[in-house]
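Heads up, the next two complexes both have subunit A, just with different partners, subunit B and then subunit C.
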Partner chain A sequence: MTNFTWSYLAGILPLLLSGMVVTVELTAASLVGGLLLGIILAVLRISRLRVVALAAATYVNLLRSLPLLLLIFWFYFLVPLLVGRPVGGMTSALIGFILFEAAYFCEIIRAGLQSVRRGQVLAGLASGLTYAQTMRRIVLPQALRNMLPVLLTEAINLFKSTALVYVVGVRDFLTAASIIGTRDNDLVPLYLLAAGVYLVVCLAASLSVGRLRRGYAL
Partner chain B sequence: MIAVENVSKWYSDTQVLRECTVNVARGEIVVVCGPSGSGKSTLIKCINGLEPIQQGRIVVDGVSVAERGTNLPKLRARIGMVFQSFELYPHMTVTQNIILAPIKALKRRRNEATERAYTLLERVGMREHADRYPANLSGGQQQRVAIARALAMDPIAMLFDEPTSALDPEMINEVLDVITALAQEGMTMVVVTHEMGFARRVADRVVFMDQGRIVEDSAKQEFFNQPRSDRARLFLSKILQH
Partner chain C sequence: MHYNWNWSVLTTAPYFGWILSGLMWTVLIALAAWVIAFSLGSALGVARTVRSRVVRAVAAAYVELFRNIPLLVQMFLWYFVLPEVLPKAAGDWLKRGLPHAEFWTAVVCLGLYTAVRVGEQVRAGIQSIAAGQASAGLASGLTPVQVYLHILLPNAYRIILPALTTEFLSIFKNSSLALTIGVLELTGRTRQISEYTMQPIEMFLTATALYGAVTLLVALAMWRVEGRTRFPGMLTSEAS
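After this line comes the complex of A and B, so read on.
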């Protein structure tokens, strides 16, 4: 702890920052991928075709019953066997995150869509709008508003979960802190620092979600 | 203008409409009444194709509603509908509620649609609330906006699905007055309602439904003075006691 000074901090800052960039990239990419796949899954889940709805439901329930860490391992060790070459920690982690988050986002989006009264759809259709126009102008804005706080909360979870890439050697923020700590024999302060950063980011995000929730309260 | 011919409808195994036949001529005002669960709301929703039918035929202004290939949005744009629970869009202001369909479905220009919205709001006594959100309006006010919204499409006919059932008693009349004024201007209307006083004043004909069947379809005087069926007589005696 003795060498933990401002100048030392300035020295390790570039490494930590590059780690944070990886963490943010992972979060953003998983968020976008998970949302897109989640929307598709949600639409399939509320389909009137039983087989389609059942398939989507099975996927969601299966993925939600598995530890995320296991999924990351799977894609890290299994996919190379299938494609015949290593895919790298980043790719396998990203695939794992997207598939995993999609299952959660699917449920959030489905609940959001179902939170809009059926009468709203009828009113839109009765006024001469097409089904697509009714969804876009009437149902989606209301659904999105209802599910935004939950989506953001899930995004915060995702941000924290990305630290799991430690196990497949991707140099995210936590991994960077850990590497520095081991190198300089200074693990405790670096883990404290990492905890502090995660805490500040997540707390700030949570508070803004809370504000959003109050602002939108119906 | 509206012809319902031998229409039957099922929800899976339950039959909710049984060979219903009604005709509504241009300018005619038909009140549909009957106990709850008798199929009145379902019938009115079949007229603009919101509910599919399994048997029979519905023709509105020459267009067969349930036929494959019918452009339903185009047909619905010409028939106004007002719902029991108003169904204003909560994320839009009163004006935005009214101009949405004219802009999107009729391709009217925004300022043109807005002008028209203001005129209609004036007519239903809601002009000063043009920029408010539905959540800040009373039920009666919301329903008057919903009527203005339907009128904004310049419909050839209006369908009212229990327009006053969700209202507090003191607000019922403000809505009925608007509907009555519309009737006096010659609008073709089908009104599902329990308001028998309104039916007496405004209707040309009364259709009485029970268990998915049209039990009685008679001129107003005849229906109120000498209903033919026992069911209608019983219904009237129950409802008119209040």
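After this line comes the complex of A and C, so read on.
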């Protein structure tokens, strides 16, 4: 029979919380890194230089054809070989997440930029703004507004995907729940609890994004 | 960086066979799960568009439930939790009686998860069809079921075909999660051989090439199918 009680829950709470901190840190760091790299990739993809655009497109399409899990293992094995010493699951997972998410963010950003009609750019240039001013004052505000809900949805997906670091032994929320469940020989309530927490967090977040999207379209 | 390249591990027994069997399991999981995802997803998509509020609410609850729990957690729920909460006989059968239990668990998990995403595409496809088509069907004497079967669904599939290709490829990639419950599919085999041979780079390059090749083949094949089934005059066939 299960030993799951309120006092038991209070006892394991610190471990679960520290796991959730790791999950949130991993999500935030991958989000920032993936966005930065994604912006660079998107700019390269719409470059007039065909070689540059092709290289960026190849990167994006290759990464999008691979399972995230394979990528996490790739870097789990590769990074220690490159730097010559063990770096731990967290670093290699973070590199994998950033490179992987960058491909998805690139496509979101590119779609956002291309959603701004060409006439807007022409009108900006015709009214005497420089190209940089047109970009900053006309294209980017509209593009950001168009892509924000999609970016937020992708951030929620990223939050869910970080559970995959379980396979390289990073102590995220799911791994913490699994470790406690194995230790106390009581996996069922721990996995149900983990599922419940993810469900509540992601449902609240995706409902907020849905509300934002409705009251918001241009 | 010191690394001794040794591509011959690829053709060495038993590793060559292991990679092939890994690829086979990956493809089998993807195909079997797709059967569930496509049929249940179509039902979900229809259920989200019918008149009945109760049916719509049940379908919406299913969508939110399966969409907001990470796939890996769902995999653990099916594999570790379900046999414990079922009546003892059924749980024991799942744990010991069912042949290839891990495979079937992964198939069911991936199928039910991807059904949500297929369902949302089917719903978008149905809603993008002009309302007059359903009205015309009803006016000409078809029952509502016939309207869905002969008018709405066939048209919706044609509209959302590119999105369905994406979803099939996502099942193909997500099948790698089966390794966490012990199915030695392609990613699992790759990791296993890497550990045995200490030649991870060759193995991961091979797996990358295999995943990339299958994706490319599927994408090319579907691109041709899309060209034949696209509605003439429709520029964008991507429903979102």
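Keep in mind that, in the parts below, the second predicted complex is superposed on the first by the 215 of 218 C-alpha atoms of A that agree within 3 Å, B and C clash if a C-alpha of one lies under 4 Å from a C-alpha of the other, contacts with A are read in each partner's own complex, and residues count from 1 in each chain.
In the analysis below, a contact is a pair of C-beta atoms (placed from the backbone, for glycine too) under 8 Å apart; a residue touches a chain by one contact, two chains touch by 3 or more.
Note that the coordinates shown come from a computational prediction; the quantities given were computed from them, not determined experimentally.
Novice: Touching A:Thr182, do we find subunit B (first), subunit C (second), both, or neither?
Specialist: The answer is neither, since A:Thr182 touches no partner chain.
Novice: Applying the document's definition of touch, where does A:Ser208 land relative to subunit B and subunit C: first, second, both, or neither?
Specialist: neither
Novice: Using the superposition on chain A described above, determine whether A:Ser115 touches subunit B (first), subunit C (second), both, or neither.
Specialist: In the superposed model, A:Ser115 contacts neither subunit B nor subunit C.
Novice: Can A:Ala163 be said to touch subunit B (first), subunit C (second), both, or neither?
Specialist: Second partner only, subunit C.
Novice: Applying the touch criterion given at the start, work out whether A:Leu62 contacts subunit B, subunit C, both or neither, answering first, second, both or neither.
Specialist: second
Novice: More residues of subunit A in touch with subunit C or with subunit B?
Specialist: C
Novice: Return the residues of subunit A at which the contacts from subunit B and from subunit C coincide.
Specialist: Shared contact residues on subunit A (touching subunit B in one complex, subunit C in the other): none at all.
Novice: Would you tell me which residues of subunit C are touching subunit A in their complex?
Specialist: Checking each residue of subunit C against subunit A gives 1-3, 64-65, 67-74, 76-77, 80-81, 84-85, 169, 173-177, 179-180, 186-187, 190-191, 194, 200-201, 204, 207-208, 211-212, 215-216.
Novice: If we count contacts the way the header does, which residues on subunit B are in touch with subunit A in the complex?
Specialist: Counting only subunit B, the residues touching subunit A are 45, 48, 50, 72-74, 76-79, 81, 83, 85, 87-91, 100-101, 104-106, 135, 149-150, 153.
Novice: What residues of subunit A sit close enough to touch subunit B in their complex?
Specialist: Contacts found on subunit A: 117, 119-120, 122-130, 133, 137-138, 141-142, 145, 218.
Novice: Give the list of subunit A residues in touch with subunit C in this complex.
Specialist: Listed in rising order, the residues of subunit A that touch subunit C are 62, 65-70, 73-74, 77-78, 81-82, 84, 160-161, 163-164, 166-167, 174, 178, 187-188, 191-192, 194-195, 198-199, 202-203, 206.
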